[in-house]
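Going in written order, the chains are labelled A, B, C, D, E and F, and every chain counts its residues from 1.
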Amino acid sequence: MNEKILASGNLQIRRFFNLDTRAYERGALPAKTKELLGLVASMVLRCDDCVTYHIVRCVEEGVTDAEFFDAFNVALVVGGSITIPHLRRAVERLEQCRGLKKASRRSS
Amino acid sequence: MNEKILASGNLQIRRFFNLDTRAYERGALPAKTKELLGLVASMVLRCDDCVTYHIVRCVEEGVTDAEFFDAFNVALVVGGSITIPHLRRAVERLEQCRGLKKASRRSS
Amino acid sequence: MNEKILASGNLQIRRFFNLDTRAYERGALPAKTKELLGLVASMVLRCDDCVTYHIVRCVEEGVTDAEFFDAFNVALVVGGSITIPHLRRAVERLEQCRGLKKASRRSS
Amino acid sequence: MNEKILASGNLQIRRFFNLDTRAYERGALPAKTKELLGLVASMVLRCDDCVTYHIVRCVEEGVTDAEFFDAFNVALVVGGSITIPHLRRAVERLEQCRGLKKASRRSS
Amino acid sequence: MNEKILASGNLQIRRFFNLDTRAYERGALPAKTKELLGLVASMVLRCDDCVTYHIVRCVEEGVTDAEFFDAFNVALVVGGSITIPHLRRAVERLEQCRGLKKASRRSS
Amino acid sequence: MNEKILASGNLQIRRFFNLDTRAYERGALPAKTKELLGLVASMVLRCDDCVTYHIVRCVEEGVTDAEFFDAFNVALVVGGSITIPHLRRAVERLEQCRGLKKASRRSS
């Protein structure tokens, strides 16, 4: 679907997408920290798709379960109980990511 | 003002305040990372008082200017131009913090 | 899914869940009023899962349809037309709750 | 300032203001409960002016301090620590209201 | 489902729905501009159902693809990357609308 | 203050500011319509500084009072009564803009 948006010929939307990608690349802060920032921002703004995206990236950057729950806890305290349904789905996604990783390791 | 809230005798509010304090203590993630998480969460939710609080704490944890701007950029991209007035005030607060620190170092 | 979150061993998240449960227990305000507060807060923040939870609890506390629509109206006026899709789903959930209650009464 | 808005001749805005006023009048739910709903909705949406308005009205409807703090606690748990600066100002407003009431009682 | 809400007998909710309909009728601003306002407001508040409704209406008012993407871009810049999943679904809905229109033109 | 942000050397923030400026330039939609989109988006997201900015720009683009109130009404219906304090301040800003314009015309 991103391809369709990018194919729309709207140069500014394309530039925004580029800025979005680059915001999480290693800079003064490591990529891992930036992905955790994106994760917590997405949780307090309550966007499941964005949370899923950053969980996948955090797993790739080697975030441990204990670190994930530390970040989830900050999001929960800042954003309140209204974030709980998103927290539930985040934990579910994290389990799926861990499961997929194990499965692919076993099959290789 | 917090004292008045705590003096209200509402035990649950007191417990919430306690959880709020503890969420930023060193755990699996270092305190510095947690404060950055609190800072970005506060910026995308657009709360100037919360942003100021986390800037002060981030400065105490040794966050550099380049690291601050990396975090500001994540908040700006996630939260959009609606966060710009808060970004402006955040930069102002950061300058004040740096100024105060220099002043106190000089006078000691 | 809550079990998985609670099993994560993150003590602070567990404490938050406990505060969340206790916030709706009878205190100076009756449980019925507190559940209505939770319902309206959930509607203006537009969280369907939270709305469903508080509708179930409000039905248990004996909230009548006329009282529900009074509360829905406050949420609609405060939160605006952006809450209408959530209002629709809330009315649907309420009907299901009423239906289930009648069905279980008949079968007993 | 409301007068200027109403004088703008925009009939629909005038009708909205009318709906806003009527939403808190006694219906199936008493005015006191409706004002508490408005208070908590305003706190989780973090609007200080709206919070002040509903505190004044709640005081008029005889809401006690213990009841206020029960409602504040629901707002805090639902909305998270991002509501704390608004909670602080709410407690300040409540104290001012109580003070004014005592002063006016003494002078009468 | 709207019928059920309207059938609830709550006069104020009915009046709100009426105001909601009339807000997009031609006034000092043309209906097309008002629908674009509704579309962008719905995107930055991230309500897919509302976005879909205004896309359908914008198509009826003759909004071109280039105009849609101009509006999407304003929403994206104001609301940030958190609106991207909603932007994706909006583009999908727009394609469906265009497809349905072509299909109905062909069959007539 | 923008100068300080731009002077921070963070290239990505500078690019975001550039996208923000360009989003309101004439494209498929005229600048006037785009500024109205920015105004309504800012009102429903409740950012007074952003609202003020777009009011100034809308006045420059020749938006009439009746058109402003049509746009305000859309924002009010979509965003609900929680936007009323911002609507009040918006009307105040608009009056100031009109006053300044008259004054400058008289003095020239």
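The criterion applied here is as follows: a contact is a pair of C-beta atoms (placed from the backbone, for glycine too) under 8 Å apart; a residue touches a chain by one contact, two chains touch by 3 or more.
Quick caveat: nothing in here was measured; it's all calculated off a predicted structure.
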Least step count from subunit B to subunit D, where 1 means the two chains touch: 1
Chain centre separation in whole Å, for subunit F relative to subunit B (CA means): 29
Mean-CA-position distance for subunit E and subunit B (Å): 37
For subunit A paired with subunit B, centre-to-centre distance based on mean C-alpha positions, whole Å: 22
Residue numbers of subunit A (touch at least two other chains): 12, 16, 19-20, 23, 41-42, 44-45, 50, 69-70, 73, 76-79, 81-82
Pairwise touch network: line, ring, star, complete, or other: complete
Residues of subunit A touching subunit C in the complex: 46, 65, 69-70, 72-73, 76-77, 81-82, 84-85, 87-88, 91-92, 95
Subunit C residues touching subunit F - in the complex, by the definition given at the top: 44, 76-83
Of all residues in subunit D, those that touch subunit F in their complex: 1-2, 4-5, 8-10, 12-13, 16-17, 20, 41-42, 45, 47, 49-50
Interfacial residue positions of subunit A with respect to subunit F in the complex: 12, 15-16, 19, 22-23
In the complex with subunit F, residue positions of subunit E that touch it: 19-20, 23-24, 27-29, 33-34, 36-38, 40-42, 44-45, 50, 64, 66-67, 69-71, 73-75, 77-79
